[in-house]
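Presented sequentially are two complexes of subunit A, the first with subunit B as partner and the second with subunit C.
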Partner chain A sequence: MIASISWKNVWRNKTRSAVVIVAVTLGTVAGVFVAGLMNGWVAQRINATIYTEMGHLKIQNPNFLVNEETQYSIKPIKDLTAYLDNAEEVDAYSKRSKIMAVAATARANTGIMLKGINVENEKQVSDVYTKLMPNAGTFFESKSRFPQVVISNKTAEMLRIKNYRISEKVMDSLKILEIPQDGMAKLESIANKRFITKKKFETAINETWTKSEIESYAPVLIKTAAYFQPRAKITFSFTRTNGEIGYQTFQVCGVFKTANTMFDQMSAFVKNEDLYAVAGLNANQFHEISIVTKSTDFKDIKAFQSKLSKAFPEQNFMTWKELAPDAGMLSDFMQIYYYIIMGIIFFALAFGIINTMLMAILERIKELGMLMAIGMKKLQVFAMIMLETVFLTLTGSFIGMLIGGVLISITSKTGLNFSSVEEGFEAIGWSAIVYPNIELSFFFGVTILVIIVAILSSIIPARKALKLKPIEALRIE
Partner chain B sequence: MKVIEIDNLKKTYSESEVEVHAVNGVTLDIEEGEFTAIVGPSGSGKTTLLNMIGGLDIPTSGEVIIGGSNMNHLNGSELTDFRKNNIGFVFQAYNLIPVLTAKENTEFVMKLQGKSKVECEKRSKELLESVGLGERINARPNKMSGGQQQRVAVARALASKPKFVLADEPTANLDSKSTETLLDIMEKLNKEENITFVFSTHDARVVKKARRVITLEDGKILSDVRKNGGE
Partner chain C sequence: MKKFLTVLVFCVFVLGLNAQDAKEIIRKMDDKLQGNSNESVMQMAIVRPKYTRTIEFKNWSLGRDYFMTIVTAPAKDKGQVFMKFKNEIWSYNPSINRMIKLPPSMMSQGWMGSDYTNDDLVKQSSMVDDYRHTIVGEETIEGRLCYIIEMIPNDNANVVWGKVKVYVDKVLYISMKSEYFDEEEYLVRTELGKDVKTFDGRELPSIIEIIPAEEPDNKTIITIKSMDFDVDVKGSFFSQQNMKRIR
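Then we have the complex of A and B:
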């Protein structure tokens, strides 16, 4: 009965309650959506960490961790792979030989980690093969006389294999994009010239186009005009197991791009059969094994890790959280941050709630006096005011969670594009398109939080009511 | 049977320089089934006396004994319970709960007492019918006249089956027609159901209806008259 009076009291002064409800709604929408955004982002980062970069578990020779020399391969590889083949925890694994190399073209060179893989096995543990740039080849699907390499977009840029040219075809596609005649005409002066770096191409554009044209159309132009030199060749030099320098030339077969520039910069994939012999390795020498486990529960991964360590004490086994501590930490602590955000928002809202409830109490003093006179106990009056506060706040937050939830579910499909700041994010491994997402339990947690905030906010107004003496309250006109 | 026993009751206000003896040594008993008016000029101490009888105000000295319980021996929370279970209140300004209907207002104290839903519904309907509001049980206070609201207040006061009903100037805000209706209802309830009423007034027409008239002056009883037909 007290609850029903509280609920009715919420709607007594509709305008005043509506103001609070709208404020709480907006605060909740903002908080829930920001949490969803962060959570989606973190989930993507963790997903990329596991399914693109690391796998759940990685096996290495401990010496290789200290010093990435080719001689430090995993031992005993046969027993270990036999164990993995029979372990029911394993979903898939991929063996890689890894050789630090200097990649060189006629124009530039850069340091890189060559990863010798079995293509089919690699596809089972890493989705790099799905991250190929458009019109930039395949993941070892074409035939060639030469050994093939798949490099990243970043590496292609650094080695100046990625060039820019405004060809006839580029002009045609630009026309479709509705770039004004005027701007198109200006481009004629730099058409069909090849620019070997983005910087040079940008400089040329800056000289031809006006500021407003650059602002509106330069990004599309750069994207459309970019191309990878077909059949470009890269020569890799590295230290062989015997200490001598080895060379091997590979032809670029595909170009990939993940959300993590650091990973991209460091990784070039080749077939192990093209690599091991020139590096002085044998066909069964590998430097790392990436494992994807069946269970994604970290406890199970941890358990499998210790089981493996016991069976093969000489090797090093690391979970993805150890390999990528930043992602691991996010996965462990993000939930707390979401609640901190919600907490801050509700802390601010609490002042408005307290104020509104104080006004509601002050204009009802006589009525409260009467209620106490006819037999309502202080605790019941307290409960009535507290529930009124809880209902008021919960109404707003429910509407807010509903709207926030709908926003998240829409954007989780369409994605949110932060490409204006893309490079900054991707440099640290974060994708520029975010798919917000949040677990249902978060809404449950927010509801609890709202109730706690409402109860705390009701204390000051309720105390005011409890200090009333019935006769004094009744005497007021 | 005595419902209320008052012995040398005093209330002194000493907030200002001069002490005000609002109630200054009142001794009286009220029997079950009496229909008593407390009259006297403004400031004579009627409200103060009723508040002490109702356990809303604490006497400076003297005692109020209701149905054998000494009110001086009850603490705050016990007093609240005592009021809830033993005393029906009717206030000058109606004082209904604005968000509740006539029926819900009537049921309110019963629900505080923990009565069942069925019992609440049955009794509140009966009571509203007996105060002539059987048709308006679902009306909110703001949809009712002052006279109607005060009749709901009487129904509410009776709902808890109190030992007596206290009403401080219940007709002061009513026009003469509503005053008459209300008093007729109170009189009928008193006669037919033997309900004890104690009310204060300074309206001569109301005084006429009372069967016992206690006149106060300066906090003292000036006269205490029982009319014929009372006993």
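Then we have the complex of A and C:
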């Protein structure tokens, strides 16, 4: 009865109610979408942390954590692998030997972590093999007389293996991209020249093209003209187990790129059979074992961790939250963070709601006096006004959540591209293309939040109404 | 058939001879610079677009495995000692009284800030064994007729270059010019030998210039002040104790 009066009251002054509803709708859309965006981002980061970089659990020799020296390998390796083979918690695991090395080409050098892997096992644990750059080889699928290495795009840039050249092929593909004849003709002067860095190539483009041409076509040009030196070789030098310097030359077999530049910069993969002998290791010495567990629930991972460390007290076992504390913190804290965003938005909206409701009360003093005079109790008046506020706000937020949800489900398929600021994002490990997504429970949370906000903001208008004396109120014109 | 065989044998012979020749030339060149043991005084000028730095140092070497250098000027770096033993480099800095073995990470850095890397010092002896050599022509450089020898690294050699071209004087067997190429055969670095002088009965270029191809403003110029061959140094001279003692 009261609820139906309240609902009707909402629609008595349609314009005024519509204004508040639209405000709440926009606020909710913004809040929901931002939360979805952040959530998608965090989910991608955590996914990458686990399924590209770390695995759920990692086993290492505790000494290796202090000093990454080759001799600190995992000790009872046979017992440990036998244990892992039989453990029902384990989905897959990969053994790696890790050697800090200096990679050198004819032009540059950089420090890097060489990871000696078994290709098949590695594929089950890490999805790096799916992150290969187009036209940049394979993940150990081609045959070669040389030992092969898979490096990252960033490393290729640093070692000057990624070069830029406007070859005839590039010219042809540029023609398809509707670059005007004029601009193409200017490129002739730098065609077929090789530029070893992006910077040098950009300087050359700046000299030939006008500003407007650069703005509209330079990114495409740089992308199409980039290529990796075919059959490039990299000489790695490292400290062998006996303390001497070892050398090994690898041929680049593939180039990968993940969303995390820090990971990319530090990682180069080689087959373990090409690595262990030159490093002075034997075939059964490994520095880390990365495990993907069957259950993705963190409690189960934690339980498995303590089970393992009881069985092998001399080794170090770390969960992904310990290995990547930033990602771990995000996964714990983000839920609260979304509600904080929503809370701030609704706190601001509450002032608008209070204002509107006060207006509605002032307009209806005579009517409220009448209702009280014919016997409506104070509690009923209070309930009526409170429900009116709740209906007003809920209508807006329902529409808002609907629009926000639709937006998220559309963008979760297409992805949001922030490639103009790609470099900055990827430097801290965040993907530049985001696929927003949000859990259904978030909408329930928002609904509860909205009701609370509505009730709180109805207190002042309701108090105002309750203070009215029926006799006086009736006399007001 | 007989004719064909003759031609075949001839070809094999000539090609084999050529390859042998080229390798032999490089070996002679390498020996000439090395001697059994030597003692030398050199000056190195590091030319950069904004400044030039000059370092003077004294070297001793024995065979291919032992090498010791002490910096004698400028005053700031004076007394720094570097010792090469097989493929290790040790460094002693008297001002902090510290002896360190250069880790792999420092091997590819320039020696004393020059265009010479520590790796060049350690690995230079593999010029003969790590490459396949062919004579590809001749050219006159600084008025001297030179063989042009193309060196392609062996498959299992740990060499960063894709190709090296050495111009070796036909009479004196000294390198007048070396060009280093990357895998795509682009020039990376040029080494020039200039101003041939006689040191202890051996004629050698007294100035060696190293020019990185992409930064022509940067150069390293090494000038040999004096060089004596087959001097009296023993293996025991190349010790950590002696690194701290020598002046």
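The rule we apply is simple: the second predicted complex is superposed on the first by the 477 of 477 C-alpha atoms of A that agree within 3 Å, B and C clash if a C-alpha of one lies under 4 Å from a C-alpha of the other, contacts with A are read in each partner's own complex, and residues count from 1 in each chain.
The rule is short, and it goes like this: a residue touches a chain if its C-beta (ideal position, glycine included) is under 8 Å from a C-beta of that chain, and two chains touch if they have at least 3 such contacts.
Computed from a predicted model, the values in this text were never measured in an experiment.
A.B. asks: Assess the superposed three-chain arrangement around subunit A: do subunit B and subunit C clash, or do they fit?
C.D. replies: Because the two structures are overlaid on the shared chain, the partners are seen to fit without clashing.
A.B. asks: Given the touch rule stated above, what does A:231 touch, subunit B (first), subunit C (second), both, or neither?
C.D. replies: second
A.B. asks: For A:1, using the defined touch cut-off, is the partner it touches subunit B, subunit C, both, or neither? Pick first, second, both or neither.
C.D. replies: first
A.B. asks: Tell me which partner A:109 touches in the superposition: subunit B (first), subunit C (second), both or neither.
C.D. replies: Second partner only.
A.B. asks: Kindly classify A:146 by the partners it touches after superposition: subunit B alone (first), subunit C alone (second), both, or neither?
C.D. replies: In the superposition, A:146 touches subunit C alone.
A.B. asks: Does subunit B (first) or subunit C (second) touch A:474, or do both, or does neither?
C.D. replies: Once the two structures are laid over each other on A, A:474 reaches subunit B alone.
A.B. asks: Using centres of C-alpha atoms, tell me the angle at subunit A that subunit B and subunit C span after the overlay, to the nearest 10°.
C.D. replies: Here the answer is 160 degrees.
A.B. asks: With the two complexes superposed on chain A, say which partner A:245 touches: subunit B (first), subunit C (second), both, or neither.
C.D. replies: second
A.B. asks: What does the superposition give for the shortest Cα distance from subunit B to subunit C, in Å?
C.D. replies: 83
A.B. asks: Share the list of subunit A residues that count as touching for subunit B in one structure and for subunit C in the other.
C.D. replies: Residues common to the subunit A contacts of subunit C and of subunit B do not exist here, since the sets are disjoint.
A.B. asks: Contact residues on subunit C for subunit A in the complex?
C.D. replies: Residues in contact with subunit A: 87-88, 103-105, 107-108, 119, 155-162, 180-184, 186, 188, 214.
A.B. asks: In the complex formed with subunit C, which residues of subunit A make contact?
C.D. replies: 101-102, 104-107, 109, 111, 145-146, 163, 194, 196, 229, 231-233, 235, 237-239, 244-245, 247-249
A.B. asks: For subunit B, which residues count as touching subunit A in their complex?
C.D. replies: For this pair, the touching residues of subunit B are 51, 54, 56-57, 76-77, 80-81, 83-85, 89, 91, 93, 95, 97-100, 108-109, 111-113, 156, 160.
A.B. asks: Inside the complex, what are the residues of subunit A that reach subunit B?
C.D. replies: Where subunit A meets subunit B, its residues are 1, 5, 8-9, 11-12, 366-367, 370-378, 380, 470-471, 474.
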